[in-house]
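Okay, got some structures for you below.
After this come two complexes, each holding subunit A, first together with subunit B and then together with subunit C.
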Partner chain A sequence: MIAAVRKYGAWVRLEGTAVAAYRVQLFLSLFGWVVPLAFMALWNTAASNSGVMTSGQSTAYYIVLLVATNFGISGDIIFSFGPMVYSGELSTLLMMPYSSVLVILARPVVTAVIRSLPLVVIIPLMAIAMNASFTRDPLVIAAAVGLGLLGWISTVAFSWLYALAALWVGKWNGIMGLLSGVQWVLGGLVAPSAFMPTWLAWCMRLSPFWLAEGGMGELLAGVMALQWWMPVSAVGWIVVLGLLFRLAWPRAMRRFEAVGI
Partner chain B sequence: MSAVESSSPLLVPSAPYKKTRGMGRVGGTLHTWRTLRACWVLDFKAAVKFRFDMVIGTGVNIIWLFFAIAPVLVAGKFLGDGDGWTQPRLLFLQAIWYWMDAIMWVFCFGSIQRLAEDVRVGTLDGQLLLPTSSLARTMLGHLSVQDLPKVVIALALGGYAIWAGAMPGGLWSILAFIVCLLAASVIFWCVAVFSSYKVMTLREFDGTVALNAMHNLGRMPVDMYGPILRIFLSSIFPVVLITTVPSRVFFGWSSWWLPLVSVAVAVVLVVVLRLAWNREVRNYIGLQN
Partner chain C sequence: MASIDEDSVVTLDNVTRTFKVAERTVGFGDTVRGFFHRKYTQIPAISNVAFTACSGEILGVLGPNGSGKTTTLKCISGLLTPTSGKVDVMGFTPHERDPEFLRRIGFIMGQRSQLHPDVSVFDSLQLRKVIYSLSDDDYQASLNELTELLGLAEFGDAPVRQLSLGQRMRCEFAAALLHRPSLVLLDEPTIGLDFDAQASIRRFVEGYVRAHHATVLLTSHYLADIEALAGRVIVMAKGHIAFTGSLAELRHMDGGHQLITIQYTEVRPDFSQFSWEDKVTEPKPGEIHLEVLRDEAPHILAQVGALSGVSALSLSDPPLETALSQIYATVSSEADAEQIP
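Presenting the complex of A and B:
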């Protein structure tokens, strides 16, 4: 076990070194992802008339989303797995002496960490300049971060399952990209769940994406209180998706024919 | 030695070619236009073979459009008067934003990818020797036909927004809007080329981050951003000219001179781009070297 962890650590360091060679490009890519800023501008205008949240809270909500979406690796998993299959790169990764599921995750995780480094400076500046209103309850902050982490794990598991479709579907790019759109809505990028119709709000809250993004945002902005169903939903999704993945992975690997499908 | 041989082969040939019947001067504007048209016809013919992909792609684009305009559909209920930015007016702005999305995918992304690939494998050398404007041929010659339906979708969304209440200020507003939209499209294309042309001399270069940022910030009117960002987006990084100005002009909210500013900025950018491109081509050493 310890040997496996050490070997995997070495692999992550190797990927980190490779990715760090393009760190400037990665830092710059951070500035291309400004969708939360645009939606923040819209919701700051709308929030003041809504009575549901203040503009300071909507600023705080979208600041959290800016961080969460930059740490998200769904897109990296979905759009890198298909080319790995078609180019045959997957064959090499499957030969590694540790879990082939984890080995493919190393690069997206390291990329997300390096890409998000400038946020350490940007986020506090934004929060001060834009009068963001965060909750000051340490319990809620700790719970929000913990639930966000669980949500992140379930989002990764869901994306993995979705990415496996590349072994059955040839022309997958456009259809795979639709998951990002669904994630925009269910994750809370389009709007905080408090503004959605009741049925859609509950679809969002009980989806695997919400706690990783919008849920954490609503908790930290003080729009929503901690609820019992939040950890239940997060753990439930991780268990269900983990079981599904155990069923799907061997079947997917049987479809894989070294180079191409 | 002929005039062509005496000049550097990588410079854009502009001078002493013969005039051919019906084609204009070889290397001139008319000839370049005809060359572009020929390239586009070829792209169309190639796309016809994959028409089923185009149908699927259009379906995916329509679904994506709903995701893109969803915030406006939801927030519109809470906007009230919103300094004049009602839901239908914001939807009209979304239609302009989607038009720019079409420009980006139809003209820009394919050309940017192809330029990087041409530099890498050396096929750019041959293209630079052709007797047409290398800038136009390289950055406009490749048309992504699969994404052309986006133009129709943008027009349909604009039509719906007008039907829902985003009425124009008058006939002059409509004409001025068309001028602004064309100028904005040219500005957007210029930014796309600026974001990628350095790939000719730098080994690793990808400036499309600027293009993406401009495109994404244009999702909302610049009036809605905070004061610091508003100043930045109206001056150094002129996002305001991409979606906000055309919308304001259409609604009749702007001064008469605003379309002239758009056109002036577009002309200046094209002139500067041509200079920058020619300089870059001069410094390009080619794969054979």
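Presenting the complex of A and C:
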């Protein structure tokens, strides 16, 4: 186990070295907070008139989403796997005596950590300036963070499964972009589930993206109370997606045609 | 069918790999129809390939583009799963990608880099030390050996993307051999390199095999690579193995001919008295070529040597290209004949 962690640490360090070598790329990657901030500006105005949540709760919700979306790596997975297949890079990674699944995740993990760095400054400023209102119930806080982590794992597994489509579909860019759009809605970035029609709100709440992003936000902002179906959904998604991934990965590898080399 | 003997490191037994390819049509109408009713074709990249490679052997794999050389290496490395047949490499089934199997092989692809382009070569090697669980002593010993043999010291701390092709290839060798694999797969390792770089890579491969008793499978379009390194060759054409044997046997594939080269200074020698006169060609002024059967060569040499005006005389095997062209042509015509209903 220690050896496996050490190996993964070495991968992450190498990817970090590569990112740090290019200053412009590094600088641009630090602006991952712009989109959640724009949606927050929109919903803060609506929130005060809606009665569904206060302006402070809306700020708290989008602060959580800032963290969740910047640490989320599903977009990085779905957009990096296809080029890896078609450039032949996947072939070289598969020749390593180490988990190919983890190795391929090293770059998205590094990217997520780097783009999250500005949040150390931005979040306290937002929280103070916009009077963010978070729940103070320790049980809800612990549950929200736990559910968020389970949701994060589910979204990684889901994105992985989705990205494997690149091995079957020639023009993969279109379908990868589709998932990205769906994630904005289901994750709760476009709007909190409380603002959505009932059917769409439940589509959101029962998706792994909401657990990883909006669900955590609504719990921590005190918009929604902890409910029994949340942990059931989180664990259920992990079990189902884990099983599907175990079935899909060997098939994907048999399907792999090692193009590009 | 290839038999598995104790000394064999690689054994392929009737291995076939096909690729499912969608039939593409020309023109808008047919393309739209194809959207709703797509047809697929199974293209065999390799068919019933069977051979073995033994410990310490350098086995050359020759063939024109699309003959199945790289597909064969990919099946041996585990990158591709065979559609049928069995691949056995040191007791492992490659496509299962057992970590122990991966620790024992190295794969160098002339047209693809396994090094991170944005970091230095030494950074990439340091990562490999951790991934391959090399001890500090083993890593240092291997790194020192590779740095000396490949001359890495002068560019090892530069990002890979800034290296010349020759430098990059030397780094690829360092990355693939750092963990001292016992099976090395070389796919066009000298492609695009200048003469000096090719020669240095050949010397390195030869030295590595001698020092570590490794098995090497080498594909190359440069016959000089194969002639310099391989003790045995496989010739592939249209996904089939068309020839397996030594280089000498390959040269004799054309019926055992040899080439007599005759040089003269001023007056062209008179060959009219000999029965072989019609076989004489003069590719350039002052130099005459005569292709003869191996058994007849000594007798004809004596006849030519006695003629006046001959300034130099030599006997050589015909170039490998001659035998290869003959094999490719034969396989192609057989394959074409099979396709005719």
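We take it that the second predicted complex is superposed on the first by the 244 of 261 C-alpha atoms of A that agree within 3 Å, B and C clash if a C-alpha of one lies under 4 Å from a C-alpha of the other, contacts with A are read in each partner's own complex, and residues count from 1 in each chain.
Basically, contacts are C-beta pairs under 8 Å (C-beta built on N, C-alpha and C of every residue); 3 or more make two chains touch, one makes a residue touch a chain.
These figures come from a predicted structure and were not determined experimentally.
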- Fit or clash - subunit C, subunit B, common subunit A: fit
- Message: Just to be sure I read the superposition right, which of the two partners does A:L139 touch: subunit B = first, subunit C = second, or both, or neither?
- Response: neither
- Winner on subunit A touched-residue count between subunit B and subunit C: chain B
- Applying the touch criterion given at the start, work out whether A:I128 contacts subunit B, subunit C, both or neither, answering first, second, both or neither. neither
- Task: State whether A:T17 touches subunit B only (first), subunit C only (second), both chains, or neither.
- Result: second
- Which partner does A:V120 reach: the first (subunit B), the second (subunit C), both, or neither? neither
- Query: Where does A:G177 make contact in the superposed view: on subunit B (first), on subunit C (second), on both, or on neither?
  - Reply: first
- Task: Applying the touch criterion given at the start, work out whether A:K7 contacts subunit B, subunit C, both or neither, answering first, second, both or neither.
- Result: second
- A:M253 contacts which: subunit B (first), subunit C (second), both, neither? second
- Go through the superposed model and pick first if A:L94 touches only subunit B, second if only subunit C, both, or neither. second
- Nearest Cα pair across subunit B and subunit C, whole Å: 9
- Overlapping contact positions on subunit A, where the subunit C interface meets the subunit B interface: 22
- In their shared complex, subunit A is touched by residues of subunit B numbered 53, 56-57, 60, 63-64, 66-67, 70-72, 74-75, 78-80, 82-83, 85, 90, 204, 206, 208-213, 216-217, 219-220, 224-226, 228-229
- Message: Quick check on the complex: what are the subunit A residues that touch subunit C?
- Response: 3, 6-7, 10-11, 13-14, 17-18, 21-22, 88, 91-92, 94-98, 100, 253-254, 256-258, 260-261
- Query: Which of the residues in subunit A end up touching subunit B in this complex?
  - Reply: 22, 25, 28-29, 31-35, 37-39, 41-47, 49-50, 52, 129-130, 171, 174-175, 177-178, 181-182, 184-185, 190-191, 195-196
- List of subunit C residues in touch with subunit A within their complex: 19, 70, 74, 77-81, 95, 97, 99-100, 102-103, 105, 107, 109, 111-114, 116, 118-119, 123-124, 126-127, 130-133, 159, 187
